[in-house]
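Going in written order, the chains are labelled A, B, C and D, and every chain counts its residues from 1.
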């Protein structure tokens, strides 16, 4: 049965919210489509205000570079080949974990971004969402 | 029983999505809190990309000016007292209908913005959401 | 006796706050110096969020154009010589009343901006501040 | 007795100004509310122009991340988990000391930012303000 793009994003976000509640850390969760444009974004009560743009930009980064933001982290460190990458794209690229490309049949069809806790917590919540996808 | 700020935003957005589906026009719906910060935003499949920022900015405008964006429209026309208002606030103010303040006990506690159809359709969908609030 | 630039700005703002309280309309009041840079800005409890940038930009406009923002209004109307002026200066120019240049010995030494009420209320509060200057 | 949000901000800023005068370094001091929006900002005579946006952004950063900007500094260094954080949020995050969250009853209700001297001087002045809070 057909599920809309927004419908899938809601499922991802609901799974993320459930995991975030479970670990007791309020999060912001964002989903972008293949064009890098927002599909849906939720901010849980008490989540950091700074996470609003970070979650969206993690989703954008993962879509735009077709890799997780933790993979991006490894190539932008001082001395690494893409040092300075994060100031391109009007500063939208996030270079730490919590963003993942959404892949369907081998194609990158969107991005998911989670922000609000430590990097490890953000990754945990994002992975829980992807597992439910 | 306590409903979270995000929970209330989801209710508003669900009611808006239902009305938008009913009239057959895909919409973007956004809710901001009392500080003008995003609580939740959904883009229905097929909605105009241009509506992503318009919906959010309608919500922001209604919160920041404590009036609906259709009321704003009437005071910024040429010859009216606030002609030129729309270029303030970094151009975020939207001066046509579809944005409403969220009021609770006489206090403005947030803003709702709807974009995707004609101004009349946007207002219809926003009013349906407010009625379910 | 020497009064600092900040000290004078505080006096202006205090007089504006007193008048705003008197008429029962919470306001944002801003003062910029001869370089157009912020000296002081206060937001009264309950003032419109949208007034934060408007008050500062009114002060900037009055300083930068060496005229009150109500005078600016008269020259930017459709058909008038400076129609469209408000989108210059990165959209910072405000084209309705509430901003006044601060004049000392015939020289423009700063700007005062008031926002939060109707244009008339903003002007009333700004004039009360100037009278106390 | 009730003190307004602006009233509390004035107290904080007055204490900061007194300390800054004591150590002979003119400062810019800014206070934002729980939504990250400006409550009050003062620039002392002679303070660095660059400090106007830095003070406000320090206050915003501390509010938006619920930690002091010196704590932020320790997690964004090369090799640290949040390296690159400072280019998110449209570059508004400040990653050196002088910004503190304002906490009331365990809740973060705003942010204070001080800029104008060395990082140590900024922190000294901000702590003096917080002590008087």
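The rule is short, and it goes like this: a residue touches a chain if its C-beta (ideal position, glycine included) is under 8 Å from a C-beta of that chain, and two chains touch if they have at least 3 such contacts.
Predicted, not measured: the structure shown is a model, and the values here were computed from it.
Novice: Consider the two chain pairs B-C and B-D; indicate the one with the greater count of contacting C-beta pairs.
Specialist: It is B-C, judged by the count of C-beta pairs in contact.
Novice: When the C-alpha atoms of chain A and chain C are each averaged to a single point, how far apart are the two points in Å?
Specialist: 42
Novice: Take the average of all CA coordinates in chain B, do the same for chain C, and state the distance between these two points in whole angstrom.
Specialist: 29
Novice: Distance between chain B and chain D based on Cα centroids, please, to the nearest Å.
Specialist: 32
Novice: So which stretches of chain A touch two or more other chains?
Specialist: 49
Novice: Mind listing each pair of touching chains for me?
Specialist: Going through each pair of chains, those in contact are A-B, A-D, B-C, B-D, C-D.
Novice: Enumerate the contact residues on chain D facing chain A in the complex.
Specialist: Residues in contact with chain A: 35-36, 61, 63-66, 78-79, 81-85, 87-91, 93.
Novice: For a test of understanding, state which residues of chain D touch chain C in their complex under the given definition.
Specialist: 4-6, 9-10, 35, 37-45, 49, 52
Novice: Within their complex, state which residues of chain D touch chain B.
Specialist: Counting only chain D, the residues touching chain B are 33-37.
Novice: Would you mind writing out the residues of chain A in touch with chain D in their complex?
Specialist: 48-50, 53-54, 57, 73, 76-78, 86-87, 91, 93-96, 118-119
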